[in-house]
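Okay, got some structures for you below.
Each of the next two complexes has chain A plus one more chain, namely chain B in the first and chain C in the second.
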Partner chain A sequence: MANNHLTGIGSESKQLATWYFTFAAILFGAQLLFGLVAAIQYVMPGFLFELLDFSVARMLHINALVVWMVFAMFGSVYWLLPDETGIETIGIKIGKLLYWVFVAAIVVVVLVYLFVQVGPADETSIWFIHEGREYIEAPRWADFGIVVVALGFVANLFLTGTAGNRSGIVTVLMADMIAFAGLYLAGMFFTDNISVDQYWWWWVIHLWVEATWEVYVGAIAAYGLITMIGAHRKVVEMWLWIEVAMLFGSGILGIGHHYFWIGTPEYWWEIGALFSALEPLPLVAMFIHVLYDWGKTQGAQDATGVEVSVINNKPAFTWFVLNAFGNFLGAGIWGFFHTLPQVNLYTHGTQFTSAHGHLAFFGAYATILIGMMYIAVQGTNGIKVMKHTKSSLWAVSMICGGVMGMTVALTVAGYVQVLVSRAQMGATWAGYFDGQSGMWFAQAMDWRLVMGAVTFLGFLFLAKDLLSTGKNPVHER
Partner chain B sequence: MIEEVVMRQDIALDDFLPIFISSSLVLVFGGFYVGIYTAVKVKLLKKWTMPIAYIFWMLTAYCLYLMGSLMHVGEFTAKALVVAAIGLFLLPHAVYFMQHQVHEENEH
Partner chain C sequence: MAKTSVWSDNRFWQRSAGWITGFAAVLLIWLTFDTAGQIAMGTDEDLKNGVTKRVPGPTVINYKITYEMSDKRGHEVPYIGGNDGKGGSLFQEKQKFFGRDDYSEEEAAALLHLGKLGSQTKNCMNCHTLLGNGAYYAPDLTKAWLDPAWQDDGTMQAMTGKSTKEEAMAEFLQHPSTYPTHARMMPDLGITAEEAKGLVAFLKHMSSIDTNGFPRNFGKIRGAVNGK
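Showing the complex of A and B:
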């Protein structure tokens, strides 16, 4: 079944998708802004002291990251459902109501983070301020709200998938989103044993980003390849199933690399080492997949004697290709070089982790979700062939250059920490501070700030382009 | 239970940079291997370039060996790295075979 993605107008599901994308883009901007504040505080520690401390800026930075991606993921599913199933999303009214519940909950949570910041460190904090778990710090009342919204979203997906044409992409998404929503429950309860708490917390973080989110990316990439270059559905879907098997096969037990040093049994060293060594393989495979389908489809077009590009949305396709490459680079390379326990003993908790986090979240997820936003802009404006504009090129260059620059800077900083704080001074208290006071570390943090600013400027170009490109006469209609 | 501790030997200070570089090159060379292999198969590159792909796989395997040696990995991790190297070798062949079969079934 060919996708009919150009008919965004008139579909309530696609309208809801654009709402999700809009709020995701706003949160993306907030994420970068608070990241900039935190980066400035590394260079000027007194900046906004006792007004917006590093701990708060960082919390907002990384929570906004997760939430904008979840919003964009939900939006992408609402966008593709009518195309894949051939029917309007069932329960769309509930979907719209839940969207507003979700937005209201996030706004209140952000305001509490900003203006209340800390609680009395008892149950009140957990219920009403924040839970103190990195990435998923929403207070418990918001946790329940998120669970309700996620269940509503999964119900919409299942009802539509079972009533309409249940393609391979929809089937994978149905299974994946159940796991995605269910895993969130593992991060909701509190234990006063930090090892047990971290054990379950990693179920959410690792099994989201290195299992369910990666499978989600595989499904979205499959949809994108069919939609943008007309790749053969059977080939794409066959490949999607292989990716699912490989990603879950290596990703689930790859969780072992988070259990090296948190007080879990030592057998996790072996499990973590084995499955972490295998984790890059599906990422390499996904890279081949995009190359293969692109080469094959373009080759078939060229064989007809008419040499035109098979890509009908250049900005989106650029972001999708960057996803294939960025996933491999950020999650694969930057992940692999500190994943084995022998070297992770030295790199754990240094800026290496931060370098990997920046490039992996960007390369594996931000890129493809931005690509989906461009597909939505194309669909809602009835554009047949969407081309790059100056703003889209500036956006892609500055955001990619900025994130890559930040990653390199953080890697240099992490290397200094490994040598000084860990190898030379044996992870002592004095070593912790000596590692951060050297010239190389300080200059790396300066460069991280500069590159963060470049990324933010790129975001402004991206926002401008997403808002204006739909009416640009450069596109074929 | 000191004898069961995995970190039997510290990593020498001068070995950290070669470790990070060699582990990065594992995937960089691995990427070239699968990239060139795929490009030849979809006729973006000429057939004579295929041996270059295999040279890149050999470089990948060497970097894995170098990385493992410098890290003083244990017997189990060494086996895991060998499995990863073989997996990377077989991966593009298996993928191409399956993709090709599906294309054949659907286009002819």
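Showing the complex of A and C:
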């Protein structure tokens, strides 16, 4: 059986991790709810008009997404640190205090989004309501709060990593998390020049989700393989370093694919095309790596003559394997679809991007973070072998089916926009609405809503399972 | 015992990862310096001296802007104050903006500043796309200033009853739900007359940015209905 250090009982770091996971799960639910509101508005435009407009619902949808992932990422690090370093996390008291600061800030930001919504065109609105910049809308005061919390988190990670056993996984996380926190600074200024604005805005968004977050996932996957199936650390960590090289080697300059049309020079066409076309390669490698290690450890187990699964946490491992495949499919395939400038000239700013966004955020990040939540449930309940329940299976099937359904629907909608609004009609106001009123577009939006509802039902099963499975007698203790 | 290969050595891969990451980061920073120079906002002096900038100065609102094919570039580019026939802007032809074509650098910069602030505080980007980035619930605004619907014979201008496109756009922005064009409407965002003027200046300025031919064929196809 794979691991010998899964218990979370008695570790303050692991306790803090469960707090982070709990708030992450709540925000995940909020993300889906506001996504449903926005999806309904595509089908019934009068829904909550001038009460909770699309712009507000969508801002809450994508901000809840980013923040729940950051919470679950911090939580995952606090969970694995004692296992990897062999010591209790240093500065955990400050870590706990910062957690409450973070939660309080998020609650205030959300309430202001909901009840103030927009302000006059002045700096005060930027400081206290929102910055109106997709994904990082948080008002300036909250930016500073986020920086303080992130610095505290990075300090805990560094102090613990240097005092305890600094494994390869911890080393990667230390380098990665400092870049992750530092990049946020690139999004914290105002300029009248929208090209300069978007140039730096992408330093945050792209260098997070297509570089530092991907490396983070590589490190978490490595941890998961060691703890869940007992994969060999040396092999796993060698793969991790290769992945870091491939992910940063392609992802950092892959930022060029956001610089095709925002006023930036033409050379970004070639740089963006080349490096972003390479971005799927490490994702293929990660997928192969997970399956290879699984097969290898299971084969070694079978060779002993005792036929027993090497997986000590079925639901978590399911989500990890879905991550390996979903990352490749959502970020890799759906991203490559529209990454070349010749294609992107027509797909840029259409539902195509939205289709990719849904499958990539889900496949690359939601999956593995849900997996980490299951690892925490296992650890805090002292479970040796955790099994699937009916709810965990319903959750996996409905969430995956729902997100895949939304992605396909949005892809169809994207094609209609590309062909009608862009290629045929030249991207004007009239062209835009010709595309939107087309039958195929309308049907796609209906299906997106249905599949969004399926995803939300799946989330309810997931929440029920995470809350109840720890006490379920079906698991081996 | 067989000699261990460097290819299975963790230190080797750790160092490779460090070097590759460092190299990519240095290259990005170097390119950033070059790009920052190229996208820095131009000045009134540039416009008067006929210097083409990727992001022109705020007083571009005094000029007529068009979006035409450049044979040299192989795609459409914004022309400021007329087309010199050799793929460049003429910087001659003026166009009145709210009755004036003599905004000083300070006045124009103040309008653009107000408009850019407005574009963020009113959360435009969570329905529209700007330079193609944002949400997809409403039309792209990159070249909205040049949209046929707002021109003198355009449907949007006619609907607001105004005689110039800047006035029509400002009127629409202040009372969007009074002019419903589709079942999907723009909500009232409490935009004041002054803010609306700033936002239209921001849109006019954005239409003058050299976006490497995005969006393709903008406004070239008139009168087509449902693709027929």
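Rule of thumb we're sticking to: the second predicted complex is superposed on the first by the 472 of 477 C-alpha atoms of A that agree within 3 Å, B and C clash if a C-alpha of one lies under 4 Å from a C-alpha of the other, contacts with A are read in each partner's own complex, and residues count from 1 in each chain.
Here, contacts are C-beta pairs under 8 Å (C-beta built on N, C-alpha and C of every residue); 3 or more make two chains touch, one makes a residue touch a chain.
No experiment lies behind these values; they were computed from the predicted model shown.
Contact with both chain B and chain C is seen for A:Glu266 once the two complexes are overlaid on the shared chain.
In the superposition on chain A, contact is made by A:Ala427 with chain C only, not with chain B.
When both complexes are overlaid on chain A, the residue A:Met238 reaches chain B and chain C alike.
By the touch criterion defined above, A:Val148 lies against neither chain B nor chain C after alignment on the C-alpha atoms of chain A. In the superposition on chain A, A:Tyr415 makes contact with chain B only, while chain C stays out of contact range.
Once the two structures are overlaid, the count of chain A residues touched is higher for C than for its counterpart among chain B and chain C. Contacts of A:Thr353 after superposition: chain C is touched, whereas chain B is not reached.
Of the two partner chains placed by superposition, only chain B is touched by A:Leu291; chain C is not.
In the superposition on chain A, A:Ala442 makes contact with neither chain B nor chain C. When the shared chain is aligned, chain B comes close enough to touch A:Leu340, but chain C does not. The contact surfaces that chain B and chain C form on chain A in the two complexes overlap at residues 234, 238, 242, 266, 269, 345-346, 423-424.
By the touch criterion given at the top, residues 8-10, 13-14, 16-17, 20-21, 24-25, 27-28, 31-32, 34-36, 38-41, 54-55, 58, 109, 112-127, 129-140, 142-144, 147-149, 155-156, 177, 181-185, 187-190, 192, 195, 198-199, 202, 206, 209-221, 224-227 of chain C touch chain A in their complex. Considering their complex, residues 232, 234-235, 238-239, 242, 266, 269-270, 273-274, 277-278, 280-281, 284-285, 287-289, 291-292, 295-296, 299, 328, 332-333, 336-338, 340-343, 345-346, 415, 418-419, 423-424 of chain A touch chain B. On the side of chain A, the complex with chain C involves touching residues 38, 41-42, 45-46, 49-50, 53-56, 58-59, 117-123, 125-126, 129-134, 137, 168, 171, 190-199, 234, 237-238, 241-242, 244-245, 248-249, 252-253, 255, 258-269, 271, 345-346, 348-351, 353-354, 417, 420, 422-434, 436-438. Against chain A, the residues of chain B that register as touching in their complex are 4, 6-7, 10-11, 13, 16-17, 19-20, 23-24, 26-28, 30-31, 34-35, 38-39, 41-44, 71-73, 76-77, 80-81, 83-84, 87-88, 91-92, 95-96, 98-99, 102-103, 105-107.
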